[in-house]
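Heads up, the next two complexes both have subunit A, just with different partners, subunit B and then subunit C.
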Partner chain A sequence: MQTAAVRIPGRIENILSWKEQGGGIAAVFPIHYPRELLRAFGYLPVEVWGPPVVESVSSAAHVQPYVCSIVRNGLSFLQSGGLELADILLVPHACDSLQGLGSLLLDFIHPRQPTLTLYLPRGRRESDLSFLAQELHALYRRLAEIHGDSPTEPELMSSIRREEAADASLAQLHRQRSRLPLSDLAFYQLIRSREYLPAERFSQLASEALDQAGPITERGIPLLLSGIVPEPMALLNLIPELGGWVAADDLASCGRRLYPAGTSQDPFLRMAERIIHAPPDPTRGSSIESRHQHLLSLAAESGARGVVFHDVKFCEPELFDLPDLRRQLAESGLPSLLLEVDLNDPLSHQLHTRLQAFLEMIV
Partner chain B sequence: MAKIEALGVDVGSTTVKMVAVNDHGEMVWHMLEEADPRAADQVSRFLAEAARRFGSLNGVPLVATGYGRKLVQQAARQVTEISCHAMGIYAELGHGGTLVDIGGQDSKAIRISDSGKVIDFAMNDKCAAGTGRFLENTAGRLRVPLQEMGQDALSSADEVPISSTCTVFAESEVISLIAQGIPVPAILKGLHRSLVKRVAAMISSVGLTAPLMLSGGVVKNPAIRAMLAEETGSAVTLPDHPQLMGAYGAALYALRIAE
Partner chain C sequence: MNIGKELNYQWQVNVLGRSALRLNRILMARKAGKGQLGKSRLLTPPLNTSIWTKELIGQHYLRGRYANSHGKVAWVTSGAPIEFLKALDFYLLYPENHGALCGAARAAEGLSIEAEKAGYSRDICSYARTDIGAMLSGKTPVGRLPKPDLLLACTNICQTVLHWYRVLAHHFQVPLILIDTPFIYTEMTDHAVAFVKAQLEEAIIVAEKVAGKPLDPRRFKEVTRLSMLASELWLELLRRNRHRPAPISVFDQFTQMAPIVEMRGEASTVDLYAAMLKEVDQRIEQGIGVVPEERLRLLWDNLPVWYRLRYLAEFLGAHGAVIVASTYTNAWAELGPQMDPEHPMESMARTYMYPILNRGTGEKLATMRQMIQDYHLDGAILHSDRSCKPYSVGQMDQRDRLMRQDDLPALLLEADHNDPRSYSEEQVANRLTAFMEMLEAA
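Here is the complex of A and B:
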């Protein structure tokens, strides 16, 4: 894959290269999980956000029709052999559908690979931090059983610092996006390579891209993109085609995972701090008010004139918040638009019209 | 012969409309036909008719709107029907409010500010419920001419509820009601109510700011107008040519280019 600035290794190319070096692959479902813990055991995390455009008939036997296409496609992808290169599966509890997927895998489907789950607390209190640290400790013990060996505390800390460095680079890319010679599509191809590249490789790519930063360039009507995942990625071509550009994002797969560095010297608490202190996210129980303030702050920093909620159909954590969140944003003078998509469908003509009308409205 | 300064065309799913405006932005000519699948050829024919009436169209900009706007190669610009309907109705009525456009295959609620700007909008474009196609299908099943179904509905004191919002299922429900011997006007009234409730829900999603303004071909139906007023509790206002508001708005956008 070639962007204007850097060459990004493809997902399969990267997986094969990692395996050739003797590493294992952890296929990870959305959203929040400790990359550093998996890496400390020698597993490269490769995320499964769908993937888009998968024949999802096989999963229909296991999940209800009103389950989102991220879960449906992920399960179908697994059942069709798409995750054969993975050595373990990790299903964090992001929502009821993903929790259901974890249970289905453990109780009924029994994939070849060991399946691990991770419960995430729904808050940011001290008790949530402590709960998550214990959950991460339990995950560590489970990984040690599977792997037959376990990293030492210094090895864990070293892995954490490597991921913190990569996340700092990711945050820098987000902040500098208006200075980078990258289209919306190229920018998201770059930052989404964090979903499968080793942290050190990602940091190197980010550094190469940041070296090419120039003066701020006007690219169209600035938008704030919110939602789960920017799929179909054709959306990132459509937005500039209609005269807009993505000035900032609040996407679960991207901007909501700008994990800050931790402060604790206890590796489990430190990993927990990073997840707990990430930007607001409904799947982690963030209040609508905190999300409202976060979106206002992102819009003020980036100059975004409106918010586009680009959500996967049936995504309950997202859609439950939207009526109140959109009302509060409107009262704060920030207009918004809701676009609902299914990962298996191309962008519709209706979606095109809504987006164009929204841009005409906020210009 | 009147001089025209700009043209707008609304390539809708059911009809295609073209409007010409003078330098004051007044509508001086229009043309309307059933939509032809070969939209580009149809627009060329409209332009030829405009040229026959007004002479050369050189230097007369054209803006296209409607679902087929991208097919109009002759257009200087393509603008969505949301912006065009808002522009047209504001020019015609001279005030803001909430505009409801019920078209053949979609419907929209658009909140317009006192200065004519679009503040918010909602579209019902995922299924035929709440659109003209809903009435067209069921009118066909009841063998009632489309132009008469609104009056027939209003003539009935009785009304049967239609529980299906899906056009296809509503048609099955209608067949069942006919089989039960329910009079056609009562069924028609229920069908109109079903459509109007759907549209009223869409209006509430953007918020109703009085007055409630209507555009689109379906608002020629008197039952839709009466029931919308009843459901929303707001008097409804109509422009002289509700079906032409999109094309008129497009012509006004084109006039900005001309200026």
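Here is the complex of A and C:
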């Protein structure tokens, strides 16, 4: 399989270039947040999903070992100076552990940068939409206090449209993946560059990649990858090595963040609509049935023959749904495999064997 | 209404069951009179009113056993705004309390294993595993749990309940009401209060539909008033531990708190706590403390270790140490002053956003500090509970601040509130021994 023919700038290179242009950096913890709001204030969001393989000793002074490695590593990374280039920190509420992280930063750790939080409602009701719009307005006011200036409504709308365009390109990449001359690893390196590239730069890269789309090519046993984040990324080399390929995903860092365009002309409502109407996600309170239907639909569209749940250890939002979800998928003729990982651990031989056996079973 | 089923309910619950529970109460009272109740050479006997608590809890679960034939049933989270459900005559089951009961009865491990066999990870909350295990196997120490017609989950204690109740909704195929209470990192915002109020209004519509009748505003106010009274009495009861020697240990509070959690809004709960307060006052007058000679007064943070309550009480009692205050039992005492029966909807939104677990880690430290001052404490034990992340995350910094800034010895004790497989008695004993030595030397 070919690898990306597009050059993806690295995180540091991108951050330094942004700062040279006078922009600020917002280090953002998982999962959902309004990129457009940060950008409207001149902050480039750079996401902190772990990162993997970090010396986690420093976070051990603040959080217990039964907290997931995304939180432990993120905190260690911050404390070891990994986020020194960031001007602000944003910790959206996704689960009890990330809630704890936000609270710890505010109450005890007091990082150099201002820490902002954002509560995301757990439903899709009118009241959820209205609350989220107001919560985003509160975040806007807080950013204005820090920044000393605030974007006008037209500037906000322009920022929203720029992100909507980038998200449309991202969705297009997901849909066209079987036509792209990209390995699994290259594909995920490309779409995960959305975690740190400016929207316009990402849209440009996506367009370059989409220009290379050709006919659908057979590349192995199609799989649907579900979970939080595809780390360690070595997994994306292992899957093709064992004869599979990732045909679609339901990952919190990727497929669950295919935000649709909003419809409201009120910028805050529009940003809220985009998050509320994103694909099902347990951290936003989606029902097991809605997740089941979503996975079935992804499998039908992509031809996936099985689902690999690739979850980070101690992740309650993921773990609660799995027994019912897997049983229902099996009843719908879609077998599944559960792999649990810690971001600091390499892929184990046991994981290798289990994945191999699963692929042999569904071939 | 099915007359035959209703007659059976009345016979089983109000005639047979009630008589059996009353007889048991008389026998226990007789035992208490002879000094044979909860006999311990290290601890003073439990309160006589604890027999009444036991009877009330027995009645509650007995009603639950036959509740499906009598009326509508709702399963609710421990911090949920239940007053409107109570006013609509729902029988309320609290899976967390049932989980705790299973833990204290040493049944939690077996039930957790049932859940784990069905694919639930050992890394999820042990209350949830216990109850899911009971749901899947039909096993429970209380005989039988009623099936829900409605579920009510409120996120003011954790996000775990959101996922847990999605599982329940999926299993029972009944409506799930979600009351999402935005976490208060720094301040309770007006838009968050409005959001919770809007959800309560939506919730009432759903509950009325399931109940098949409208909510009576007068009854709603009355239930809210009873909730407030019970919570205020509970607060007074806890405050009595400001006296030396402390009349009621937190280990006793853990068992006496069941009615304030699962029978809020009932007149019998108000009567019970009024009587309990009276008995506690008598103990104060007579100078009766939890241990014969109180030497050390401690704070407990987080949930109890349900399956080792007595062991821990006696272990500490042997050193003259008494746990006199707890952030956990205090959580239900904090609700009362927030409630306003004349404006139940408005006050409900604020009240149920206020629990300690819905506020920041710094707020919990402030609560602990206030308790240290009010209760004249010598040290703190912070139970690092593997099953409860929202309670446990923050404890390492809280402990650090207590030790460094308040000069208060504080111990982090690793365990799990319901799963004994995550508890090591030897390690706990070693750590507690060292902690006691340090406190005694101070």
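We take it that the second predicted complex is superposed on the first by the 360 of 363 C-alpha atoms of A that agree within 3 Å, B and C clash if a C-alpha of one lies under 4 Å from a C-alpha of the other, contacts with A are read in each partner's own complex, and residues count from 1 in each chain.
The working rule: a contact is a pair of C-beta atoms (placed from the backbone, for glycine too) under 8 Å apart; a residue touches a chain by one contact, two chains touch by 3 or more.
Nothing here was measured: the structure is a model prediction, and the numbers come from that model.
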For A:Asp321 in the superposed arrangement: first (subunit B), second (subunit C), both or neither?
second
**Prompt:** A:Gln21 contacts which: subunit B (first), subunit C (second), both, neither?
**Reply:** neither
- After superposition on the shared chain, which partner residues are touched by A:Gly100: those of subunit B (first), subunit C (second), both, or neither? second
- prompt: Which partner does A:Pro121 contact after superposing on A: first (subunit B), second (subunit C), both, neither?
  reply: second
Larger residue footprint on subunit A, choosing between subunit B and subunit C, goes to C
Exercise. After superposition on the shared chain, which partner residues are touched by A:His349: those of subunit B (first), subunit C (second), both, or neither?
Worked result: first
* Would you check which partner chain A:Glu360 touches, where first means subunit B only, second means subunit C only, and both and neither mean what they say? => first
On subunit A, the footprints of subunit B and subunit C overlap at residues none
As the complex stands, subunit B meets subunit A at residues 67, 79-83, 106, 117-121, 123, 125-126
Seen from subunit A, its contact residues with subunit B in the complex are 330, 335, 349-350, 353-354, 356-357, 360-361
Listed in rising order, subunit A residues that touch subunit C in their complex are 61-64, 66-67, 93, 95-97, 99-104, 106-109, 117, 119, 121-123, 125, 127-128, 130-131, 134-135, 138, 282-283, 285, 287-289, 313-314, 316-317, 319-324, 326-327
In the complex, the residues of subunit C that touch subunit A are 118-121, 123-125, 128, 155, 158-160, 162-164, 166-167, 169-171, 178, 180, 182-183, 185-186, 189, 191-192, 194-195, 198-199, 202, 360-363, 365, 384, 386, 389-390, 392-397, 401
